[in-house]
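Pasting a structure below so you can have a look.
Naming follows writing order (A, B, C and D), and every chain is counted from residue 1.
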Amino acid sequence: MATIIINFKAYREGSGERAVALAKAVREVAEKADFYMAVAPSFLDISDILRNVEIDVFAQHTDAVGYGSNTGRIPPEMLKEKGIRGSLINHSERRLRLADIEFLVSRFRELGLTSVVCTNNVATTQAAAAFSPDYVAIEPPELIGSGIPVSKAEPEVVENSVKAAKKMDSEIRVLCGAGIATYEDVVAAMDLGADGVLLASGVVKAKDQKKALEELVGLR
Amino acid sequence: MATIIINFKAYREGSGERAVALAKAVREVAEKADFYMAVAPSFLDISDILRNVEIDVFAQHTDAVGYGSNTGRIPPEMLKEKGIRGSLINHSERRLRLADIEFLVSRFRELGLTSVVCTNNVATTQAAAAFSPDYVAIEPPELIGSGIPVSKAEPEVVENSVKAAKKMDSEIRVLCGAGIATYEDVVAAMDLGADGVLLASGVVKAKDQKKALEELVGLR
Amino acid sequence: MATIIINFKAYREGSGERAVALAKAVREVAEKADFYMAVAPSFLDISDILRNVEIDVFAQHTDAVGYGSNTGRIPPEMLKEKGIRGSLINHSERRLRLADIEFLVSRFRELGLTSVVCTNNVATTQAAAAFSPDYVAIEPPELIGSGIPVSKAEPEVVENSVKAAKKMDSEIRVLCGAGIATYEDVVAAMDLGADGVLLASGVVKAKDQKKALEELVGLR
Amino acid sequence: MATIIINFKAYREGSGERAVALAKAVREVAEKADFYMAVAPSFLDISDILRNVEIDVFAQHTDAVGYGSNTGRIPPEMLKEKGIRGSLINHSERRLRLADIEFLVSRFRELGLTSVVCTNNVATTQAAAAFSPDYVAIEPPELIGSGIPVSKAEPEVVENSVKAAKKMDSEIRVLCGAGIATYEDVVAAMDLGADGVLLASGVVKAKDQKKALEELVGLR
């Protein structure tokens, strides 16, 4: 089953009470659709969503530290303890150092957390795949929030990223992101070999979020 | 009334269910003591504490951004919406750039959030005071977690920080931190002109947190 | 005598052999003009300029470290040893943490180096002035490289920055930057109380750098 | 021919006039030894070494930017223009983000510069090798400056790093570093499959640098 992860970013439309409502909408659509759907809300909203909605929750970022004197940081162990499923790692808006990505993927594996490493091109996808994360998510930075789907604008980037990742480790699942908004975009991504999509504004900033979700999974 | 803020850092002893229990202990001690007491837990635990404990909650860090495409970041507006009282800014374990400190203090003032800017010596205390935050908290880095109270080891740093801050703006309240663990330390800080203390390990990593809190406020 | 510092940034037009040629042009113009003129070239070009041109050279950045295991970093002591006059600190394209700015200004004073702390508004100018650097250089980020002189666009920012800095320490010299290109801009800055200007593109990216320099100091 | 790169770090013993003298010593030893030897001095000393010593010079760091408004940054193009051979990239004391490492290796290839990507374990070595740099240099951080040679303390790390890198691209040359000081260490590294070593304190902080260099290459 293909994967769809919705990144709420720090959008006002995906914060506070609206975060819980949006997570509920994702849950309802997921029940009717043929996709595994998960959400990545703000740290501050994770607990409220976990309490109110039966859905897999990802953090948007995790810090490459352990428990300890790390004011303002979130170690992997905290995700585990809270019942969080995993985390985006190295999102284009929160890039990490190579050694820290490796630390996090490795620690996630030990803790049974799901790692989703974001990358920006074929070469960084292959490099990230060397760590055998659960997912790599390729998002060409110039297309993020552009409304132009990567699957159309740069199909060869998606195709070659899939090849590069699976060559390193055939079990890695590859998501693609940037500009994805419609079912057509999702299908195009799958046709290029992707195992799903990571998206944000296409749903979170839509006038009607529920409708956007239904369109995304082909229910409209 | 003097202020005591307990920073839970990313300590295991102050995370998850233990964070809520510790916040409750702080609340119970505060009711019997002559101090204004607040807590600064992990982002992930803030919501659970706000729901279960009647206490002022501070974030340990806030990012110098607004709502928007800022994956993994926490803008000031999110704190406001969640009912969070304010935030530590520029903690020694999460140092910020000068321009970002100014942005945050300024935005907090507009939003009615309480700013607690951490500093490391007299000169940076005076510089931070130029922004007129609600609090500055002076913590000599070499004493953090040392068990040696700043009020004993470097009384002149506390005294001169108080003078430097109040000269810039007489309404700024000055906290001191680093090595504080006992009522004697708190009284010594007040005698040097401080309006309270910011502390972490002295309480969070104590064998008996409740007992440590009672000792801190002079109830034992 | 008023000060003019030319920041070569990482402009191609101010790199390599062109850096030495530009420094020579600044030197020649300075001899005829009524200004103290200095240059801030790339780390890589500093030695060649010092060897070939009799002019005060500033680094564009210095790291808040000492001699030691700091690969890729430039400690203040190295500037001193090379015969470099001082450094820009906290330029808008190389922002520093509050504690690091204080460390650098303090260390520069001990070593007899000249500190030029860049700031972005009145509040950060006052904060930086708390460290008593030799210069503060106020540059509203939105005007940098804009061609619109800060002295015209936001005269009150220059005026209030001068007041805020001199109130903290009357000996601090205040430069203003962003959009400065003509003698008229320089005079306007001085009329607002500034002790000089910091500029970059107006000279370095000019078609005829020598002519731009002559215009800047009123020789044309 | 095996490679030896000497990193001068920001050591006082490898700065200013001492940097030029040390580079000369390396050059003299290289003439008698069976190694390709190069130096990586501070940005500030590169020009003086290039002018006075016939030796390949590497930067200790390069920034992932191009020519332009990048105050305090060193773009790859500047290295090229100065006649610098290449650069260390991602040294443990100057870690970079994954996307920036990829950008630099890729840009170095276009410009004909030699890339030496530093890594901390087998997994990051394999990831870096995905970019096909000229060299990867594996240095377990816990052994840097320890005096305990990696080739003895963790021979399997060197061996597996060599395998991981060559599997990705058989032409990549693998250096190892951390704790290397004697000819015996160098030979041990080569026996494990390494193509050379990267070292710093073992030479730069030696009482007699020339003697240390001669010992390193087996001339004593």
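Heads up, the rule we're going with is that a contact is a pair of C-beta atoms (placed from the backbone, for glycine too) under 8 Å apart; a residue touches a chain by one contact, two chains touch by 3 or more.
Heads up on the chains, UniProt names are A, B, C, D = Triosephosphate isomerase.
Fair warning: this is a prediction, and the values are worked out from it, not measured in the lab.
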Most distant chain from subunit A (Triosephosphate isomerase), judged by the mean position of its C-alpha atoms: C
Intercentroid distance (Cα basis), subunit B (Triosephosphate isomerase) paired with subunit A (Triosephosphate isomerase), Å: 34
Euclidean distance of C-alpha centroids - subunit B (Triosephosphate isomerase) vs subunit C (Triosephosphate isomerase), Å: 37
Whole-Å gap between the CA centroids of subunit A (Triosephosphate isomerase) and subunit C (Triosephosphate isomerase): 44
Per-residue multi-chain contacts in subunit B (Triosephosphate isomerase), two or more chains: 92
Chain contact graph, described as a line, ring, star, complete graph or other shape: ring
Complete list of chain pairs which touch one another: A-B, A-D, B-C, C-D
Subunit B (Triosephosphate isomerase) - residues contacting subunit C (Triosephosphate isomerase), complex: 90, 92, 95-102, 106, 119-121, 123-124, 126-131, 164, 168
Contact set on subunit A (Triosephosphate isomerase) toward subunit B (Triosephosphate isomerase) in their complex: 7, 9-12, 15-16, 42-48, 59-61, 65, 67-75, 77-79, 81-82, 84, 88, 91-94, 144-145, 200-201
